[in-house]
Amino acid sequence: MDNILSVLVFFPAIAALLGFVVNKESARVYGITVAAIEFLLSLWLWFSFDTANAGMQFVEMIPLIPDFGVNYYLGVDGISLFIIIMTTLMTLIGMVSMSIEKDVKNMIITLLFLEMTMVGVFVALDAIIFYLFWELSLVPMLYIIGAWGGPLRVYASIKFFLYTFMGSLVMLVGMLFVAYIYHSLTGVWSFAITDWYLLVLPVNYQLWLFAAFFLGFAIKVPMFPFHTWLPYAHGQAPTIGSVILAAVLLKMGTYGFVRFSLPMFPDASVMMITPIAVISIVMVVYTAMVAYAQKDMKQVIAYSSVSHMGIIMIGIFAMNGEGIGGSVFQMLSHGIVSGALFMLVGVIYDRRHTKLMSEFGGLASVMPKYALIFGVMLMASVGLPLTIGFVGEFLVLLGFYQFSPVMTILAGLSIIVGAVYMLSLFKKSFFGPVTKEENKKLTDLTPKETWSLVPLVAIVIWLGVYPKPILDPINKSVNAMLVFMDQKAVTQEAKDIIKVPHAATKTGEVK
Amino acid sequence: MIGLSHYLIVSAILFSIGLAGVLRRRNLLMLFFATEVMLNAVNIAFAAISHYYNDLTGQMFAFFIIAIAASEVAVGLGILIVLYKKHGSLDLDDLANMRG
Amino acid sequence: MENLVYIALFAPFASSLFAALFGMSPKKQFVGIVASVLLGISLVASLMLAAYVYQTGNTIHVTMMDWISAGDLHIPFGFVVDQVSVTMMTVVTLVSTVVHIYSNGYMDHDKSFNRFFSYLSAFVFSMMVLVMSDNFAGLFIGWEGVGVCSWLLIGFWYHKPDVSREENPAISPSWAANEAFIMNRIADLGMLVGLFIIYWNVGSLQYDAVFASLPQMSGAILNAAALFLFIGAMGKSAQFPLHTWLTDAMEGPTPVSALIHAATMVTAGVFLVIRANPIFALTPEVSYFIAALGTFVAFFAASMALVNRDLKRIIAFSTLSQLGYMFAAAGLGAYWIALFHLAAHAFFKALLFLGAGNVMHAMDDELDIFKMGGLKKAMKWTYLYMGVASLALAGIPFFAGYFSKDAIIETAWNEGTLILWIILVVTAGMTAFYSFRQVFLTFEGDERYKTYGFHPHEMYKYVLIAMSPLAILAVIAGFFKEPFEHFVTQLLPEYEMSEHTEHLSWILGLIVLAFAVSGIALAYKKYYRGLKRDEKLESSWYYKMLANQYYIPNFYEEFISKPYAMISEAMWNKVDMKIVDATVDGIAKFLYKTGDGSRKMQTGNLSNYLNWMAVGAVMLLVVAALSAAVIG
Amino acid sequence: MFEPIKVSMESLNLITLAPMLLAIAGGLVILVLDLINSKLHKSLYVMLTILILIVDFGATVGLNVNERGFFDVMLIDGISIISQLLIIVASILFTPLALTSKRFHEYSYPEFFALFLFMVAGFQFMVASDNLILIFVGLETSSLSLYTLIALHNRANSYEAAVKYFTMGALSAGFFAMGSAVVYALTGSIELYQVAQVLAARLGEHGLMLAILGSSVLLMAAFAFKLSLFPFHTWAPDVYEGASAPLAGYMSIVPKIAAFVVTIRIFGMYLDLGIEWVRDIIIILSVLTMTLANVMALVQEDVKRMLAYSSISHAGFIMAAIAFDTTEGTASIFLYYALFMFTNLGAFTMLWISRHKVRRFNARFDHPYEKFSGLIKIMPMGAVIMALFMLSLAGVPPFSVFWGKIYVMQAAVNAGYVWLAIVMGLNSAIAAYYYLKLVVYMFLKDPVKDVDTVYYNLSKPLMAVIGLATVATVGAIFYVQPLLSYLYYMISASGY
């Protein structure tokens, strides 16, 4: 099945269209079934993925607007493969755990459309197709936040939409400019990323283009100081919205950096390491402190997302296999863990309709299973070894140490400040005596909730203990990318800083 | 000797008078007259230039402008009559229902 | 042999999982028994491995599977059983087994009995990973693992509410647990940085590879690596200034204190220094710093123990103090002596804690020794055990502590670090004093507990029997000094006293002994007969300072915790909301305002519209003229 | 002495006139039919109009590129053909909107359809000539028809709209005439190609630039009015509001296409002559227009008025393309309008079907946002489709307007105006707010009570139009390529 990527992209979309016909009561089962099939398809993708190959696989190319160089061009490599699988997994699990009563059918249809756009972003190899899915993903999320959200939902959803939309339009200009350069050099219009990779750009062009792409990606990540839409979006979104937003949508930004900025502008990327690292450190420490000041459980986790995304950003700009590989892995890790944490907050919100920590206390006594799973996710979030959270964070910090020990130590504060807000959240909500009368009769996890969370726990531990099956393909593609960046870099400084792993030089693989 | 520039100056003055009328007048009918003045100023210019170049195109243009001005008046007055029937006034300042 | 390695390692893990299966059900006695048996199996396997290593001198190295590989980094799950790790394994499994059996009795009435065993075994597993790993990353797994288990176990009674610091210096178990975790995290960052330094200079985190390439590394790098690794060790071993968590950790159940906060986990820092001795051996400055800090902590902790009234906290301070001794030894290069003291200390300190647990069990969890006294009648065996342990701790000849601690003090003399020697000797006297102050106040004198309505009773028989191996070892461990030295110096560097020291050793020993004995004598004099409160002393500033731990917890609270919370609050309310977000919203509002302003041009009045057209024409003219003028 | 004037029919090349003549004849036929039988139903006229326009379309398609005819005043070049085609297609699409289920009285007059056809002919004349007289005649024919059509809607607001439009139109006609006079004075010709030749020869002359400046400012003012560029746009919101929705939608497309073609012809010529300040005023007008119209649209309470401002903003957006003076730039104008046409058709049709005879929600507005509150609950498909149009207008891919936007922006980048492309991007982001506002009302708010009649006017023909608009909006990605290559071919054939 060579066109499995198209199937992956359009299966949920077609299912969503057909979903309009499905009876309201059955919509949920329909959605779960479709998401499960999609997940199995993505697993099949992994199964048939050639792990020895670092390049793009399952490539599909259909010309759409050849005069303008726009093609329907898809492919996956080790970097995108697992993000796709995580996307389908989190959609499935999100749907299983979904506790929404209102307009379930609309939600299911919206989610399936969203799934299409998310998968689309990660398989697109044509910048315009990428942009198309990128923008389109805003729409379902706008609806999810706006229709099922809290009291400020309209404000939050519009803020989310406009902020990211604004950034990506600047990015679009950047894309158009790259296409223009490609055209003026080759005489051919092309938006294919793989074609763009071949462009060797002068440093000043690289810097400007880097800035344009940066704005688009940074708002999505979201990097400080562009992050303020996120707490609103998370705070107002329903659980499922937060899960998808944190797990997948934020990854689009970091994925964009890996897919576009680094290979296309190696020199600019190297020059921007320090500023980006500084911003990232601010993200890590500052947002962790802000998270500590929150009163609302969900806001804590929302800000913690920003903090963790800072770690991912630092890793991407480590310019070595350890850091970038670790970053990609951390994207998966953060997706799973923050998704699970948002689901966990949703569990308690469904019972009490509040997320304020002051309303709780002593939950561990009343809901031990819940506390256990929360605890596991908390530990993964603070990066405990043998959980999924450690591998990425460790590799990122390790990788970045090569560039700057001091900044690594500052970024490494993440493991301290992260523990501070997470443990404080856990203590406030789960420890101590059960003071509130309403909390005494809370029921522990229902089977539905258990079965949506247990797989995540299993993954968190599995990938913490044995990350190899995922880390290897990632590593392969990252190494290939580094070799390629090193060859392409114009300035000697960049060549010096981009560290090609020995493993890659030995086999001499070039994309 | 009256030369081209004299005609053009007259035309410009007339055009300015017309424009001033358009800008200052509050009565719609007067406003229409002002636009007619402007168009006729153009006609003078065209006729004079046409003569200067010894070329008929300018005169043709002037004729067309006269024709168009006539039809403008026809349409414009039609609208004005309906408006007057509805509003009972041709004052511009009464005509500001839509704004913002 | 490989199987034995895995059995020793995974038996506690199996135990933990087994107990976890019943984690949420009511107490099941068999959970405790199964856990204890599995720990026993691990102990037997460790002993067999120890015997094997002892007899053959071979080390066993196994690699289970790959863990992380990215870029050029490859970390396997590899385990090594050599002289050092097998010693640690034996000590850990031995104490753990005893503690497990003990817990069957101690946690008898706790409704979370099963959960407790799950955590406890998980801890042992993590500890085993820590000591057995063949690389720094694996050590870090165990390192963090024990940290989490410690967090779980300190906060075991999480349902207790927070109280004021005056009422309970640790505030609440959950507070203490978080404090411990976060403080350890601070140190762990140092440790991570140490690992990074090593990795980027060696290209590997395997012990053998790292140690093999040390000669090629520059002094600065080695110093940095050593320093950062030691920062890691400082957290886990609660060295100043990261020490406050250890006494607060006494909020956990007493078996936990015995196992984790006395015998095993807190010694991990010492173990790290011993394990990485090739690095520290090459960095004399850092080593000296370690020794000095260790000596300081030994004294500093002992001073706080002098006046404390809390049974467990006194022992905790003494642990802190003894850890200081171990670091002093390790810092001075006497790695095997440090390891020896580590092992000996594990036995008698665990015994001491378990004895304290017996007392608590008898006294309904009362900890104030001022409220006890005369317990010897009710608790003969416990008195005996605690007495023996205290003698060992005080360094009375022929008990375990005498051999190990004296060796450390002798080392300080031998290295010519006279100040360290003096402090260590004085500390030895203080140690003897507070140990016996505690023993006497608890077991001797007037039976003050009666006024508080306690009905003490002796612990279960099997528990007492289970404690006996520790008691025996606390007495006899010292006699294995020679074979032990022979055994571990196959791996660790030899440490020989100079002839001069050798010559003076009996005098030195006598001085130490004199201090110890006079400490005991002083305690006897003041407390044997019963408690006589000295109001004047207790209200003196130095007494208060010691009783309040030099106000360091208060200092941390006032100058770190509170400002952190305040800054966080300000960051959120002031910076994030008022500046960052307000800017974003401000731009939106500005656009909206502009819209509102510019729609005013849309008056609806035709005359205005016509004027706008004229304005527009003029504007075009101006712009065009300007532009034409500029362009030419 | 006088030689008899010999005019051979071949040299007249009357085929170039055929499309317009067809439309005019069609209009006359309708009038005659009414004379014969005045009781005929509007559907007959609608269908007749469509048929006539289809024949018109056929005649236009059949034209050869780069021909002149009728004493060389007709210019059938590439952009003339594509713009005529666009005008006719748009006219065809908007005509069926007369077939509402409720009766609106202007459509019962056959004169409406006759005027409509005359207007189309007028627009066709405008684009199919480079003779200023013919352009003026076409402009006025179409404008006068349009004023009347607006007034025919027979409401107080329509008259007000018609008067405003008319008066300002008259002023702009004055500007145009005066501008032409200056051009004529400068060059002795009103044929643009001759004007270009003369100017090129005399460009170095001292003081000439001042005269060119005067003429171009006057002409620019005239067309800025037609294109509703700031600050000549003031009529647009009021006229859109006063006119019926189909006519408003129509006005947002067709007159602008025609005006753009003339603007391209006139100012393209100036740019080709190397007069750089023309570029500057075009860009300044463009930036001002898109930005200010956008911010004003932010604060509107009525959807139709918002769409009016949005159309202004879009016009400003496209205006910039003229300044690039590249083939891509010119192509992007037509591509944009072709794509914009379907979306706007859809959006205005959605307004049209929800049009009530009396205002039920607001004393002033016909289509306040509240009217669409909770539309997803009342008519889900309607809400989804309207949302698609809004997203398309906002430039969310893959809907039609996105491809137009991206192409204009690409043209800007290619022409070296990266900053302009960024301004365009940011403006699109601002614009997204007011489009989203409607989406928010439709999807995220609860319906106002008693709104059973939102789809008041719906009828099968209207549904068909909406369906077509939806398909064209959503499926744009599939026809952009042929459209683009056709436009490109035509435009490069005519040398732009």
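Should a chain be cited, it is by its letter among A, B, C and D, assigned in written order, with residues numbered from 1 in that chain.
One rule holds for everything that comes next: a contact is a pair of C-beta atoms (placed from the backbone, for glycine too) under 8 Å apart; a residue touches a chain by one contact, two chains touch by 3 or more.
From a predicted model like this one, the values you see are computed outputs, not experimental measurements.
Asker: Please indicate the chain closest to the centre of the assembly, with centres calculated from CA atoms only.
Answerer: Here the chain at the core of the arrangement is A.
Asker: On a C-alpha centroid basis, what's the spacing between chain A and chain D, in Å?
Answerer: Taking the average C-alpha coordinate of chain A and of chain D, the gap between them is 44 Å.
Asker: I'd like to verify one number: the distance from the centre of chain C to the centre of chain D, where each centre is the average of its C-alpha atoms, in whole angstrom.
Answerer: 78
Asker: Averaged over CA atoms, how far is the centre of chain A from the centre of chain B? Could you give it in whole Å?
Answerer: Measuring from centre to centre gives 65 Å for this pair.
Asker: Please report how many Å separate the Cα centroid of chain A from that of chain C, as a whole number.
Answerer: 36
Asker: I need the residues of chain D touching at least two other chains; which ones are they?
Answerer: 163-164, 167, 171, 237-238, 300, 433
Asker: Two or more other chains in contact with one residue: find those residues in chain A.
Answerer: 162
Asker: Going by the touch rule set out above, which residues of chain B reach two or more other chains?
Answerer: Those would be 19, 22, 95, 97-100.
Asker: Which two-chain combinations touch?
Answerer: Touch list across chains, by label: A-C, A-D, B-C, B-D, C-D.
Asker: Going by the contact rule at the top, pick out the chain A residues touching chain D in the complex.
Answerer: Contact set of chain A toward chain D: 63-68, 106, 128, 131-132, 135-136, 138-139, 142-143, 146-147, 153-154, 157-158, 161-162, 165-166, 169-170, 172-173, 176-177, 179-180, 183.
Asker: Which residues of chain C touch chain D in their complex?
Answerer: On the chain C side, the touching residues are 588, 591-592, 594-596, 598-599, 601-602, 604, 606, 608-610, 612-613, 615-617, 619-621, 623-625, 627-628, 631.
Asker: Which residues of chain D touch chain C once you look at their complex with the stated criterion?
Answerer: 163-164, 167-168, 171-172, 175, 209, 213-214, 216-218, 220-221, 224-225, 230-232, 234-235, 237-238, 276-278, 280-281, 284-285, 292, 294-300, 430, 433
Asker: Which residues, counting only chain C, touch chain B once they are in their complex?
Answerer: These residues of chain C touch chain B: 599, 602-607, 610-611, 614.
Asker: Given the complex with chain D, which residues does chain B contribute to the contact?
Answerer: 8, 11, 15, 18-19, 22, 28, 31-32, 35, 38-39, 41-42, 45-46, 49-50, 53, 55, 57-58, 60-61, 64-65, 68, 71-72, 75-76, 78-80, 82-83, 86-87, 95, 97-100
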